[in-house]
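Next, two complexes with chain A in common: one pairs it with chain B, the other with chain C.
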Partner chain A sequence: MFPTPIHQRPIVNQYIYKIFLPISLIIWLIPIFGILMTSIRGLGDITAGNMWGTPSEFLLFSNLYDVFTNTPMIKYTLNSFKVTIPTMLGAVALSCMTGFALANYKFKTNLIIFFIFIAGNFVPFQILMIPVRDLTFKIGLYNTITGLVLFHVAFQTGFCTLFMRNFIKALPQELIEAARMDGASEFKIFWRIILPLTRPAIAALCVLIFTFIWNDYFWATVLIQGDHAMPITAGLKSLNGQWITAYHLLSTGSIVAAIPPVIMFFLMQKHFIAGLTLGATKG
Partner chain B sequence: MKKIIISLIMMFGIISSTSFAGTLVINTDTSDAAPKEAFEYIIKKFEEENPDVTVKWNVFDHEGYKQSIRNFLNTDPPDVANWYAGNRMLPFVRAGLFEDVSDIWKDSGWVDGNLSENMEHAKKSMTIGGKQWGIPYTYYQWGVYYRKDLFTANGISVPKTWDDFVAACATLKAAGITPITIGSKYLWTTAGVFDYLNLRTNGYEFHMDLTLGKIPYTDPKVQAVFDKWDELVKPGYFLENHAALSWQEALTPMVNGEAAMYVMGNFAVAPLKEAGLRDSNLGFFQFPEITPGIPMAEEAPTDTVHIPSKAKNKTDAKRFLIFMSRADVQEEINKILGQLPINKNSSVKKGDPFLKAGLNMLNNAYAMAQFYDRDAPAQMASEGMKGFQEYMSNPDRRQKILERLEKVRQKVYK
Partner chain C sequence: MEINNSKAKRITWWQKNQVKISPWIFLAPGLIFFSIYVIAPIFVSIGISFYQWDGLSPSIYVGLQNYIELLDDEYFYISLWNNLKWLIFFMLAVPIGLGLAIFLNQIVFGIRLIKSLFFFPFVISQVVIGLIFTWFYQPNYGVIAPFLNLIGLEGFSILANENTATYGIIFAGLYPQIAYCLILYLTGLNNINPEQIEAGRMDGAKGFHLFWNIVLPQLRHATFLAIVVTVIGALRSFDMVAIMTQGGPYGYSNVLAYYMFEQALSEYGYRMGYGSAIATVLFTIMMFYILFFIYRMYRNEREDNN
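And then the complex of A and B:
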């Protein structure tokens, strides 16, 4: 097995491992710890340069109150759900179908279509920024949740298709052939045989896409201008005052924004890890 | 037949104009909390006082507004739009997009008293070509914020002249205190220092000519400004690692007593007080005189309201502008904003020594500069401020920087 389990390594390596693991863990977690600390401070502490010391006041609740009352944070959170959930459903639904088609049917352009889906993943966002903005503007979807959702669905479907196609390809072919022999229509095969079997893959994809889209900042700032459709990641900047960067409120807001994907992660931890490794075993 | 068509058109014209009378469209960039609240308040008050007018108010994102206003003034003009005084409104005035409102300024019958007199000190920044193009409703002062206790401990009194100021810096430096804190990471703080040095060395008119591109950056008078600046930069009177700090982060040494002064706008007071400074150890003074005899102009970025020249309902728009110029209205707006009213008959929140000091200073000011990045065009301002920051870190490069700025000037103002 690779990598070799640590308890089978030489004793010196084990010690080095035991020493450096906590150290790197701490270094890794320092920024998050900093955000947590800042979220319970007041602006006074920050201006006075007290970033890491004991907070002079415990203001977590008043910061939370400010985050939700000074700005339309509740609306931003709702917007995030309105963007994330339809995208998740749309991308997963589409990719189940494309994945099924690409895995099961032999037709001439099969591989080419599959490669196009994959190639889409390699196009950097930034190149698409201006064309996508112009496109949504011309269709009349600029600055709307629908526009953002449609774009995300289109862009995520590429990755999802790769994922689903490989998963379905790995299913025993006999199941499908047996169903066909019994006279099941192609749709019935998809609905009754493939979908139930791909449940783990669907769950893993849902979790992945949920986190991807929830954490999206780039497209939210490119395609959305007003409060009415702004998701929480981009909405955080409204916590700043006219002159002042409100680090304490930004930290509190970031924590609020991070809660849904974190909950999602812990609830679906198994699927999440499965999702990250599924595609790796069968190419 | 023609007659019928014409009369039909006229009829429609009358019908549509009557349906417009009574609706006042206002566009503002007040997306931040306090300015939004201020406008909510005054629009409600205006509607209460003028029951025949319904206000339709569009709030634009603060940053996006700079682009939007160019579009909507041409294509879909509101009846009132907010903007900024000074050279910032020059392109719109030149393009004929703002309405001349000199009559409001002249006619004392419009308002509670004499507007020209009550706002005399702000008139210059609203005047282009001898006419006034809008009404100012709020501004705030710039100046020097300082630690009173550090001054007392080192036997320094508030400097009135340049020599006093430099001497105070020397004393503080010798005592191991950074005389002036500044955070120049985002460049604009350096422009505050430059503006004041230029206003005090060469005066308001010269400063305006420079920001309007009429004077080369290699001019001996600009050199004179940098000579004064040298007196502060070369002995190291500014905070050492200023280029790495934002304006806000540069407050920290002042809070901790490691730095004594900050050339800043009045918005610095709130975070300083939140961090523990009190009226007893935080003070404000006017930027000291440099060339004796030059009338003292101040840095006071001013927010204004204007009537687009293509507005549909100019009658009510004028009523709104007059309303905005009133002493009691300006008092209320600025209570919400925590800034200063322009009308001399307004008062400010009692018990705030900084607002009071600012009010006294600005009411007696010779003229208002609007800040370098508002007075100069965007491209010049951004290059200029880059240059100022570079100069503050490497004063030896001064000549090269000024030559570079001169090249930019020739390109920008072509």
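And then the complex of A and C:
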């Protein structure tokens, strides 16, 4: 193990480590503590410049009430779910198939297609922006959740294919060969053998896609205008313009926006980390 | 008999060719979708960059005019230069992430929770991170205001100063990026071969020597990945700039990604052609890294097959 396990070190080092660990954590989380503290405060504290002292009032619930009743925050949050969940399902479904095709069959253009998916996944969004916006306009889906979802599904398919293909490729080939010998159709192999085995990969992808899409800001600004379809990231940005120095509301809104991916992360941490690293450890 | 025969033939034909055709059936939906929304737009954008177009009226072919204009555009150079700053300073996330990973790779009480808390800036939206840091930097109400007063910079606004704005944004951007690199390196350290480490220790390798010669080579996958995602992150930097400064003051914190958006879609104008030219430049820069990544994957694939 590297570095040397701390319990094999002199006792003094152990104590130093145990003191430094929480201190470093506190320093690391200062920005998070900052918004947590501020979401409790009232306007009085903000204008008095009381940022780190004890809050003079406990107003978390009143701030939450303000944010939810005086702004379209509930609408934004719902929109975010409406964008995120279908994207997650769509991209995972498509990439299970593409990943299976690229992992299991040998054909001439296999690697080329695989690399196209990877390359596409890395391109800057700006090179896609104008044509995608144009296309979304033309099919009448500009400013709709469906329009945003369609693009997200397509784009995320790139990353998901990379991930799925590597995962399926690492599965024992004998399983598939044996099934083929028994006369199972290719579709049956996919549905009955591969799909059940990819469950951990599907879980990992779901968490990752959820986080990526929930946090997307760029495409939400390019393809959506107006509150009816706006997800929470873009909504928060537009509220920021109205609130100006109402940092207590801004902090409360930020927390609302951050909670779903944070919960997802803590519940599915194992899958999340596996997803971030497994899909590309082969790279 | 005749009918049965042809049916039998059809089944054999399908059985024979099933393995050849199936991959295309499985690929079709994903590949078609991906081509329409990702691959084709790349070429369409490059095409648009040779036109003058406001998005509504008919476009006019202008050849290389947009690129020639770029060469004379002061703001383009500022953005390009800022992207370079991003590339260089964003890279700090890699060694810092590695250092933190080594620091946290211990088994003590509560370490799992501590690690999770270190990760989680990564899952928070960049919009939220950008808002938090903007508020931190506020000259009067901000969190760092007391510290600025301490060093005699009372009322100094990091984001409103042309020399510091970009660094202020990069610093904020490092926060989630360090967490990302930390995740990659902690997994890497987990997968290290303990026997090699012990063998190294037997041979008297210690401290930095052990780290540099034995540990770091084993972390090269993690390092490679950390560098790739950090480079891509640096070139894609848009959210932070949009939230924190919108390229200001006077374009001094602009980056190509945001400048393109500003030219093509914001109130400054709907110059689709010019925007596409900027996007094409950004795409070309990115393509070097993409090709490098793909080349490495290709090498690995060949090794796997041999």
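Please note the rule applied: the second predicted complex is superposed on the first by the 246 of 283 C-alpha atoms of A that agree within 3 Å, B and C clash if a C-alpha of one lies under 4 Å from a C-alpha of the other, contacts with A are read in each partner's own complex, and residues count from 1 in each chain.
Assume contacts are C-beta pairs under 8 Å (C-beta built on N, C-alpha and C of every residue); 3 or more make two chains touch, one makes a residue touch a chain.
Owing to the predicted nature of the structure, the values given are computational and were not obtained by experimental measurement.
Of the two partner chains, chain B is the only one that A:G42 touches; chain C does not reach it. Contacts of A:G140 after superposition on the shared chain: neither chain B nor chain C is touched. By the document's definition of touching, of the two partners only chain C reaches A:P261; chain B does not. Judged by the number of chain A residues each one touches, C leads among chain B and chain C. In the overlay built on the shared chain, the residue A:G53 is in contact with neither chain B nor chain C.
In the overlay built on the shared chain, the residue A:Q225 is in contact with chain B alone; chain C does not reach it.
Overlap of the chain B and chain C contact sets on chain A: residues 46-47, 49, 245.
Residue ranges on chain A touching chain B, taken from their complex, read 42-49, 70-71, 225-226, 241-245. Against chain A, in their complex, chain C makes its touches with residues 18-20, 22-24, 26-27, 29-31, 33-34, 36-42, 44-46, 48, 55, 102-103, 105-108, 111, 114, 116-121, 123-129, 131-133, 135-136, 140-143, 145, 175, 180, 183-184, 187-189, 191-192, 194, 197, 210-211, 215, 221-222, 224-225, 228, 232, 235-236, 238-239, 242-243, 256-257, 260-261, 264-265, 272, 275-276, 278-280, 282-283, 286, 289-290, 293-294, 296-298, 300-301.
Those residues of chain A that touch chain C in the shared complex are 1-3, 5-7, 17-18, 21-22, 24-25, 28-32, 34-35, 46-47, 49, 51-52, 94-95, 97-98, 100-102, 104-105, 107, 110-111, 113, 115-120, 122-135, 150-151, 153-155, 157-158, 161, 180, 185-187, 190, 211, 214-215, 217-218, 221-222, 233-234, 236-237, 240, 245, 247, 250, 254, 257-258, 261-262, 264-266, 269, 272-273, 276-277, 280-283. Of all residues in chain B, those touching chain A in their complex are 32-35, 61-62, 64, 246, 248, 251-252, 255-256, 265, 267, 270-272, 274-276.
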